[in-house]
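Per-chain residue numbering starts at 1, and chain names A, B, C, D and E are given in the order in which the chains are listed.
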Amino acid sequence: ADFRFALESDPDVLDPDQSRTFVGRIVYAALCDKLVDITPELELVPQLATEWSWNDDGTKLTMKLREGVTFHDGTPFDAEAVAANIERSQTMEESRRKSEVASISGTEVLGSHEIRIDLAQPDATLLAQFADRAGMMVSPAAAAEAGADFGLNPVCSGPFKFEERVAQDKIVLSKFADYWNADEINFDSVTYLPIPDDTVRLANLQSGDVDAINRLAATDRARIIEDPEIQVEEVISLGYQGITFNVGNGDKADNPWGNDARLRRAFELSLDREAISQVVFEGAAAPGNQSFPPNSPWYDSGTPMPERDVEKAKELLAEAGYADGIDLEVQVPNRPVSMQLMQVVQSMAAEAGINITLNAKEFATMLADQSAGDYVASQVGWSGRVDPDGNIHQFVTTEGGINDSGFSNPDVDAALDAARVTADTATRKESYDEARKILNEEAPLVYIYHDTWIWALDDDIKGFTPYPDGMFRLEGVSKSE
Amino acid sequence: MDSPLLQVENLKFRFRGQPQDVVEGISFRVGRNETLCIVGESGCGKSVTALALMGLLPRDSVRFGSGEIRFDGDSFTPSDHDRIAAMRGDRMAMIFQEPMTSLNPAFRIGDQIAEAVEQHRKCGKAKARERAVEMLRRVGIPAPEQRMNEYPHQLSGGMRQRVMIAMALANDPELLIADEPTTALDVTVQAQILDLIAELQAETGMGTIMITHDLGVVAEIATDVAVMYAGQVVEYGPAEAIFNDPQHPYTIGLMASVPTLTGPRRRLSTVPGSVPSIGQMPEGCRFSSRCPFAAPVCASRPELAEVAPGHRAACHFAPLDQTLERRA
Amino acid sequence: MSDTILKADGLKKHFHLGGGFMAETKVVRAVDGVSIEVRRGETFAIVGESGCGKSTLARLLMRLLEPTDGAIEFEERDIAGIRGRDLRELRRDMQFVFQDPFSSLNPRMSVGKLVGEPIETHRPELSRAQRRQEVARLLNIVGLRPEHADRYPHEFSGGQRQRIGIARALASNPRLVIGDEPVSALDVSVQAQVVNLLHDLKSKLDMTLVIIAHDLAVIRHMSDRVAVMYLGQVVESGPTDEIFANPRHPYTMALLSAIPEAAHGRARTRLALSGETPSPAAPPSGCRFHTRCPFAREDCATRIPELGPATTESRVACHYWQDIAADRPAAGLTPAAGRSEGAQRRFALYEAATQATTPNPKTAANAEA
Amino acid sequence: MAQPATAQPATPATIDPQTVVADDPVLAARPENRVWKKFRSHKSAMLGGFLVGFFVLMAVFAPILPIPDPTATDWGAVRKAPSAAHWLGTDEIGRDVLARLVWGARASLMAGVVSVGIAVAFGVPLGILAGYFGGWTDGIISRCTEALLAVPFLILAIALAAFLGPSLTNAMIAIGLSATPVFVRLTRGQVISVKAEDYVEGAHAIGLSTPKILSRYIFPNILPPVLVQATLTIATAIIAEASLSFLGLGQQPPAPSWGSMLNTAKNFLAQAPWMAMWPGIAIFLVVLGFNLLGDGLRDALDPREH
Amino acid sequence: MLAFLLRRIVVAIPTVILISIFVFGLQKLLPGDPILAMAGEERDPEVIEFLREKYRMNDPVPVQYLAWVKGALTGDLGISLRTNQPVTELIGQKLPVTIQLAVMALIFALVIGIPAGILSAVKKGTITDYIANVVALSGLSIPNFWLGIMLILLVAVNWQLLPASGYVPPGEDLWLSIKTMLMPAFVLGTALAATLMRHTRSAMLGVLKSDYVRTARAKGLAERRVILKHAFRNALTPIVTLTALLFGELIAGAVLTEQIFTIPGFGKLVVDAVFNRDYAVVQGIVLVTALGFIVMNILADAAYFVLNPRLRKQ
């Protein structure tokens, strides 16, 4: 049988080392196996690596690899392949994975199915990276041959192999007969269809043209749950949405909002996150005030979500010298949900005396302005990573790659760097909590909510498990006729 | 005397939305082998009269008040569209003023003529084309076999008017209505066309109605003349009578304002003023608003009364010389 | 002061048609070597069939077109090449009346503006009020009323519009007025009104008039001298009476004989022409008329006839005009037999009555002035 | 009675006296009246005028109409069906749809009028230059126009709106600039035909300067078709603003425009159909109105139809 | 005719050059950094610098232009920054889709628009005319996206008659392909039909007033023949020209329609490319559509030539 799955947009290039979109990762879930995988509870479990161990100082990772695995082109999967993949991620000029595997200093093939990975310094995030694109194994033979064009005809080792792609129309994968876990796969092929419009995507499911859709609009959820022919699955995502203030990125940071944390806190206090979630998402989003959702083990319950307090917000404003109110220009991507969100935010902030002007921009323009520091505040989010580091380090550390806020605080830097190098969960949590306390005061980023991934599936589809990473894993999924 | 080819009685109609009749009760007759000329200033209703006879007025915008048409003994009304349509292009035919625009620019002239033949004679295409060639030859177009494959734009105005004539006469109509067929042409070409029509008429014996505002043309070809003013026939009679013994002030004014080629050069007489538009026509005699002799009696409509055998004029004072002199 | 007000010598206008990239150009010789002289105070007529170049010639004389070749002198000044200011100055002295009274007036300007415009342009010293007065005077002159200044052209009948056109032409006090078929578009009754008007104005305002027409009868009534054109060239010229009485060029003869006259029963000896005027883009060789001339001889196809003197006053461009004249002594027209006696009385009555019922607009104007 | 032409009697006083005009009833009607009369007798044009007038009034009087603030949100009344409190219902964040519809009329009508204003302001002068002067001027203007015309309207508008940043003003500029070539073309064609009119030659003949000829003779006479095209383009522009809104490039929240309302509403077609219905109907009516009006104007201003 | 076409093509050359400059300028016009847009969430500066070099973003603009033109002349329009596919290949993929949509829409438009236009011209001023006009105006004034979504909800979701969206190549399953395209073609077609109807109507009204139609009637031809042969044949010329001009409207309409119905054609490609700053794609598509427009107009001129005997060689 064919499984037809509607995505909210067209993935970019299908090369795990080059790709950068969220929807691309959904396709990889069927196309490319990774060294490790996660459970819905975010524990790391074997996939291509069957077991692994660290040396004492956490600088050497030894992995045993699954035997009897081949790539779609017949190339056997072995330690050499892993080494080649790591090298590719590190050295290919187009590689977007460089920073993810930056800590790796070298690899050593220990046997046909055993490899040691050497690190320059301990890196607690590495295994989590291996649970994502950096850990996806592509056929070294095919990769060597195609070079940067690999994405036009990707060859991995996942349950499905690449058949064809028509840009903006469909990506077709067919069942890979020699898949090591073929028993779990119940479809002969899978077709991904990018359908950007929420209404039309849902209409396709309702009309039976697709079996499942990604990202059911939160506002459709209540209605669709009632529909006996459609099942709805959901889970809180790893990512967040919020507002980033420019506190140190270029000249434009020199403004009241960039200079005075009291204003930012006042802004935060003016928001009623519950109400936002209710109005914009009919409750189908998790309000939050941190880079991790409240249900995450990394959530710092020491700095809980503040209640809305307009009075206090006004006080803070007055303290900062803006008793009569203050203007704030927020750039916002011109997408319906962001717009709706910001309009609600706008009207809430107004009650505290903050007059928000919305400056809608196309996403590409907004991104450019944001990284260039040409903004005061920006409504952006992050799709989320399995390892907590991925949700925070690069955003608020002084050298962080995506630190558009320009935030810089040595204590935060120290705490977050420390969290990277220990493998001990408790120690890491402490570090994150420490950073959190400072960040809460400084509020360069004001988190608002965490998306809920909502899938809508035809009633015939059985065995789907939602994962917080938002992937649609096809193992165990079947369709009853 | 047998009945004339065409007799029109009391034709009267108006356009929708207009308060007055555009043609107000006119009557005339045309015999075989005769030419009736209808003259009058622009807008006096010459063309619409012709179109009414041909059933070519836009059906939804014209209202017939009265009228009877007797064609070759058959009698019908002008709103009897089906009967008129059946004769149109067959027993009666028409040519128009504008040779430049009256032919369809998209089709070859041969086909346009043949089409008329095919429509009425129900003969084959080949036969119809043969007839087209024959007609083109008869109207004096050289090398008709080649010419018939040409498009209208390839012909000069005179040639096009010949084609129009060929088309009209292709089915040997008994009545030909020509609406200012030469107005758009040069005088030398006009002479050729007038001669041609006269020649063909002599050959076939058809009756002709010639519409024109050129008194010169009238003098040249008319057997009878109807002078129209503002939708009324104001004087009607044999050509000679009209020219040599005009009775209606309008006819006199018209003739006096024509500059002549011979005789002494003199200051031209004029007809004062201009034609009133529909809706502003005086009651009774429509010419009264411009007539130098107008008197209160003119508010009633004068009869088109006989002033001499066959010669009628619609003026309370006709004949003028006698009435006025008596009055003076 | 010379007797000649306007003079053209070897005037040519060739239009290049089509053309552009890779397309062949056609040269239309609309006016091809015309020489005329217009005397001060006279009415000079140009006559010919459609497309023979009358309008083009008129526009050349007016300098609305730039001549391809040849000279134009207005009051002994060469105006063939002047431009800009000079040209605009010239407009004061030379004015134009158009054929079509319907298309030659800007439909969006009131009569007052239309007539006032040349005054504004050429007599800027006049104040607004003076200009209004002047407009009123002009309207009066052409037989309209000053109140009409506020109306728009479409509210007038054809003859009235032509009067507006004439008033406009007179506004700058021109010495020469050129009329391109100023009466052709009018009904006979109205045509007579305008013909009379032009005649009266000319004698009153001391102007020279150049009239273009294709209607020979109108020409005969209006002009002192006439030039007959055929295919861009003058084939015959001379005093009007002489030409009508004794046409020398076969084309003039044909033209005269082709005109149907509004008189019953005149026996006609028509000089029939075959065919139609050739295109000015491909004029026949030799004598341009030879393709249609009933008297053409072999060498007419090759030899180009000069416009040479026939009498002291008239000139003709035909190699054989003397031979033809010898063969056809009575080429002129003879009057037709008269009307009945009663009819003549009626005509007289009519004439008297129309003059009597006429209002006298002049009195109104005088009262105002 | 017959006088030789050469010896006309000296009657200088009376110039041909048959001055007819006396009480010529034709002269009773003023030209404007005629156009207006004709327009009034045009039923569908009147309907169009009524529709347009209605929405224009609505837009103009938006501030004084007894309606709620169009941006006031009410968390308790999100997407509520029409009721006594909210006649036309509420939208996705609890704003009154009627209020937004009324205020949206401002944006949508502005989008139509301003963008057409821009198109006319650029297109007509360029068209006049090209048409009147011909030659190189014409060549350059026409080639550029052609090039712009060859790029589909919406793509051009999208690119421009993306360039200028999404906002109503920029959408209007983008729509206006994209519609400009059409006006250049139309004007150029009109000028070429008007230029050949006798009355323009007449203007030359009286020695008028070029600026005067352009302003008094050319411009007023090319205006009617431009006017008609403008009304029709207003309709197109209103739709285009809606389309740009659909792509996220039109009026920006929280300010309403019909297009953006429709755009948001399409996500709630099933749950809150009224959100889409009202702006949809409004766009339909006003576009219909402008089209009918344009058609009516075409007939009323066309002298041939007199 | 040949010479005419040649001339027409040569005249189009400066236009094409202008278009190419314009199209190229588009990328300089658009704000936002294409490389940044493609760098992904992580935005590694090293990669960004490498990509800038790779896509010659650091060269002076004229150099970039010339390089692009050189490529374009050899049929190489660069590669999509987003998917790495050659633009030429992308266009090759999308063109047939949009053509299919356009052709089907045009069929709708012609089949609805022309008869309706003729009918309403012939019955001018009657109720038929009135209804035809109002329906046509509705077609013009209902935004495409609204009509599209309404149809999807009604026809696909409620009645389950047609697929909701997407595209099936005709080679794969002709019937399904047509069925899938039916709604979008209808949506796109209605707007065009409206325009076409109004053009047909006014062309017919003009022609019906003409002298030669009166001549045809005077010949005694049946009214049907007068209208369909004599009148329509002459009204056809402006209609054909206008239909070619509709090409632009067709493409613009296709942009929206493809967006709604998720049809992987030109329009969708270009909108996504603009939003992703995938310049090579934007340039390629705009260039191709502009050329298409020019070709359509040349064809229309040629049709004019064929339809209009006056222009044919004598």
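Here is the rule we go by: contacts are C-beta pairs under 8 Å (C-beta built on N, C-alpha and C of every residue); 3 or more make two chains touch, one makes a residue touch a chain.
The chain list, named the UniProt way, goes like this: B = ABC transporter ATP-binding protein; C = Dipeptide ABC transporter ATP-binding protein; D, E = ABC transporter permease.
Not measured: the values here are computed from a predicted model.
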item	value
Contact distance in steps, from chain D (ABC transporter permease) to chain E (ABC transporter permease)	1
Result of counting contacting C-beta pairs for B-E and B-C, higher pair	B-C
Averaged-CA centre spacing for the pair chain C and chain A, given as whole angstrom	90
Euclidean distance of C-alpha centroids - chain A vs chain E (ABC transporter permease), Å	39
Rounded Å distance between chain C and chain D (ABC transporter permease), as computed from the means of their C-alpha atoms	46
Chain C-chain E (ABC transporter permease) separation of Cα centroids, rounded to whole Å	55
Shared-contact residues (touching 2 or more other chains) in chain B	263, 265, 267, 270-272, 274
Residues of chain D (ABC transporter permease) engaged with two or more neighbouring chains	1, 5-6, 8, 16, 18, 20, 22, 24, 26, 162, 165, 263, 266, 269-270
In chain C, residues with contacts to at least two other chains	157, 159-160, 193, 196, 199, 221, 347, 351, 354, 358
Contacting residues of chain D (ABC transporter permease) [partner chain C, same complex]	1, 5-6, 8, 10-22, 24, 26-27, 29-31, 197-199, 201-209, 216-217, 220-221, 303, 306
Complex interface listing, chain A residues touching chain D (ABC transporter permease)	197-199, 217, 219-220, 223, 275, 278-280, 334-336, 339-340, 342-344, 346-347, 358-362, 365
Contact footprint of chain A on chain D (ABC transporter permease) as seen in their complex	71-73, 75, 78, 92-94, 162, 165-167, 248-249, 252-254, 263-264, 266-271
Chain B-facing residues of chain E (ABC transporter permease), complex	125, 210-222, 230, 233-234, 307-310, 312, 314
Residues of chain E (ABC transporter permease) touching chain A in the complex	31-34, 36-47, 50-51, 54, 80, 82-85, 90, 93-94, 149, 152-153, 156-157, 160, 163-167, 259-262, 264, 268-269, 272, 275-277
